[in-house]
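First the structure, which I've put down as structure tokens, then a few questions once you've had a look.
In order of appearance the chains are A, B and C, and numbering begins at 1 in each one.
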Amino acid sequence: MSRHSFLESTLQGFTRAVAKALQSEHAASQPGLLQQLDPRVRVIGTFALVVSVILCRRLEAIAAILLVAIAIAVASRVSLAALAKRVWLVILGFTGVIALPALFITPGEPLFTSPALHLSISAQGVRTAVLLVLRVETAATLTTVLVLSTAWTHILKALRSLHLPAEIVTMLAMTHRYVFLLIETANQMFESRKSRTVGVLSGAERRRMTARTAGVLLSKSIELSQEVYLAMLSRGFRGEVRLLTDFRLKPRDYVGLTAFLFTGCLAVWMGR
Amino acid sequence: MLSRGPTYNNAPVEIDEIMHIPDGYLSPSTCGTLYLFAAWGWYAALKRIKQLLATRAIPLISVFAAFSFVVMMFNVPLPGGTTGHAVGVGVAAIVLGPWGSILAISIALAIQALFFGDGGITTLGANCFNMAIVGSFTAYVVYRTIATNSNLKSRQRVVAAAVAGYVAINASALVTAVELGIQPMLFHDASGTPLYAPYPLHVAIPAMMIGHLTLAGLAEAVISAGMVSYLQRADLGLLRGVSGLGQTPGTIIAGASPERSQGRLWWAVALLMLFTPLGILAAGTAWGEWSSADLMNPHTREQIAAASGNHAPPSSVPVGIERLSTLWTAPFPGYAPGFIKSPVFGYLLSAMFGVGFLVLASLLGRAVGRKWPGGNLRS
Amino acid sequence: MASTFEVQDISFSYEAIPAIRGLTLHIGEGDRVALLGANGSGKSTLLRILDALYFPSAGTVTFKGEALTEKHLQEEEFSLNFRRRVALVFQNPDVQLFNPTVFDEIAYGPLQLQWGKEDVIRRVDETLEFMSISHLRDRPPYRLSGGEKKRVALASVLVLDPEVLLLDEPTATLDPKSQSQVVDLIQQWKGTARTVITATHQLEIVEDIADRVFVLEAGTVIAEGTPAEILSNTDLLLRANLIHAHRHSHGGVVHSHPHLHGHSRHEHEH
């Protein structure tokens, strides 16, 4: 076991986060189906389909939406391998494992009994486990495709024009912008601590190192926020936030929106 | 050993400590209700923070949200050689006060869901309610109660921070567990299949609490205590909280108005009380929450059959239920203290107890905030 | 000559630490001024006071006859007017790039001043062209290099065509090419009505960017003059910690003399 394994995991987490961001940027610039649509339509449409997923009561309907989601992904040049790695396998490993005991402990008619282990799997158990996993997979596929195909600034502007308060949108924007700066700062701090540490640290020492890094990061963050505040004041900020929204709906957007809503409603109706 | 397992929130998954509920675990009505609760929290927090910090609010909350996002990615080494993840709600409540903390943590969660695609979008309201709102208030109240008016540099503050972080995470976990646990009872199809989260309360609660009482709670305690300790040496001003942070030229700090926010709190409590009798939906025993005894009693077996689309329950107690039923004995077994026969009354009583607890917590928060001025909020 | 800034005997402290003590100076319209000082001499603080971000605890500051006080800046009309006419470029560009993309960043100023949408877009594109950064239009700030960030920061203030530019260490941490680009820009404004006040500790650019120099030390002005006068006064520069006395040995003899890095060979007696 590496002596700095806890640092390694954290550092890897940072790398993954930045990689995800770059992945997003790349996919958003592809000439695919979703990319052609107004971001507001994409956001509303995706949300509508996810709501449909949780309204459906039947496996078949949810599976149908999953197929639709995959089709949209392919049409929008989102790599299925990326989806598999980022969404499908992760969820199988997480929700899949969570759902496993449900096979055994959900009351209902037994499908399969193992007399040796005194365990039986009920039909209801199977259904509920599959339902859960399918729902989670489908919803996550939809949101991931949205996130991959849409630039962050467009998501923000879509939220703003859907009447989310300007302050909230500004805070989301600013937070996102500074997340990467702080990731880099934290990365540097951990790297330098890693290289300066000789020998194996005790548990208490490692805790202190982590907490201290967090503390330094906090001080820098507050200082950063104070400087940003001054910079905002210097450019005329007086408390009100003014944003530029320049979206115009084209005919294809209406078509897209209708398609999303229709699919959602159909699935819910058939899956009731 | 470098774990190459599945990742969630850019960190290797440790199953027992995930509190971010993905889409699909909660029914639409649960999601909607919790979104409403969360929206109330966000609205109230935004108003209060604008009062307290005026123009300073936007950069401060944003950068703090970025900070807590990054802290959520830290692997915190724990006693015993394992690692856990903190949320940062302890530090946020201490430095920003509960309202600022609600906003900062909510924004971090929103970025996770909307930009990184981690965490559900229908469950964002629920996650914010559980972690940002319940977590922040709990952390704040516990911290102020234990820290009292002690010297900013005292050990008492560090201990207060540790306990506050620990209790806050476990409170969040409990609320999450309850939300998940009531799903099978309320939302199932005719054959008895749970439609969303499949585990009833007496499974969900121990399952979630064990992971958080041990790992996540400790991680939060370590980070909260460690950071307060660091700030005591390096940046004392931050421990003074929001009133200290507002000191910048051009900031207009209006007086806070406690009366109006109290009125809203009572409304929220009233609403909650209205919702709790939902537990009395099922006649007799709640569906799914059968004890082993219920399954053996012929009378209740008939009831169960009737409630389950006329499918007879298994003739012997499923081993799973047998095993798990001993794990958790609710303080009110069968939700009714011995002398009360009627289950309806039992539900009412439990509801009262739960709500009373909440009211107590908020009253405590108000009293604590008033009694020790110079704290984070002038309320 | 019309006066731009009149600073009369001001003092300012951070918490209990004094940063400016009894500082007085006058800057006229179209002046190109350098504030020379080591780190901690108070030059950054002075720039922020000139930009009405901090207010002195004693003394007065006026801009074109108008007093810069906290109360005055809370008036909307005066404040918007002032913010358009006076611009500060911060030393750390990350602090100044707080918008999601380069376009949004440059558009921020005009938007706060409530310009119309078409005007904003047109003006931003013009500025992008002017600074040769049109290709960075939709880039988020965390994907910019140091030099690019500085150019975007400059663009974000130039978009409003300010009368006064306050530059805080504009060339620090830049590679030589980016440095010379910034210096060229400042040189372009020589002889125009634009007032440029640059705070720096880099002696080698002073001649190019300023006609007048104020030397700061410990929060007050210790000397004033032309670049030639100031740069030749080695005692002054030593005192202000802008150069150092460097010891070296050759031929078995050790001696020290003050000198400036960046100058090539120099002859000396020994």
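Here is the rule we use: a contact is a pair of C-beta atoms (placed from the backbone, for glycine too) under 8 Å apart; a residue touches a chain by one contact, two chains touch by 3 or more.
Nothing here was measured: the structure is a model prediction, and the numbers come from that model.
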By mean C-alpha position, what chain is farthest away from subunit A? C
Which chain's mean C-alpha position is nearest the mean C-alpha position of the whole protein set? A
Quick one: subunit A and subunit B, Cα centre-to-centre, how many Å? 21
Distance between the CA centroids of subunit B and subunit C (whole Å) is 49
Using mean C-alpha positions as chain centres, tell me how far subunit A is from subunit C in Å, no decimals. 42
Touching at least two other chains at once: which residues of subunit C meet that condition? 53, 98
Multi-chain contacts only, two chains or more: what residues does subunit B have there? 59, 250
Can you list every residue of subunit A that touches 2 or more other chains, as numbers and ranges? 152, 174, 176, 178, 181, 224, 228, 232-233, 237-238
Any idea which subunit B residues touch subunit A in the complex? 1-3, 5-8, 10-13, 15, 18, 22-28, 31, 42, 46, 50, 54-67, 69-71, 73-79, 81, 83, 91, 95, 103, 107-108, 110-111, 113-117, 120-122, 189, 191-199, 203, 222-223, 225-227, 229-231, 234-235, 238, 245, 248, 250, 288, 290, 308, 311, 313-314, 318-321, 324
Under the touch definition given earlier, write down the residues of subunit C that touch subunit A in their complex. 48, 51, 53, 76, 79-80, 83-84, 87-88, 90, 92, 94-101, 104, 107-109, 111-114, 117, 120-121, 138, 140-142, 156-157
Quick check: in the complex, which residue numbers of subunit A touch subunit B? 1-2, 5-10, 12-14, 16-17, 20-21, 24, 47, 50-51, 53-55, 57, 86-87, 89-95, 97-99, 101-102, 104-110, 118-120, 122-125, 127-129, 131-132, 135-136, 138-140, 143-144, 146-148, 152, 155, 165, 167-168, 170-172, 174-176, 178-179, 181-183, 186, 203, 206-208, 210-219, 221-222, 224-226, 228-229, 232-233, 237-239, 241
Going by the contact rule set out above, which residues of subunit A touch subunit C in the complex? 151-153, 156, 173-174, 176-178, 180-181, 184, 224, 227-228, 230-238, 242-244, 246
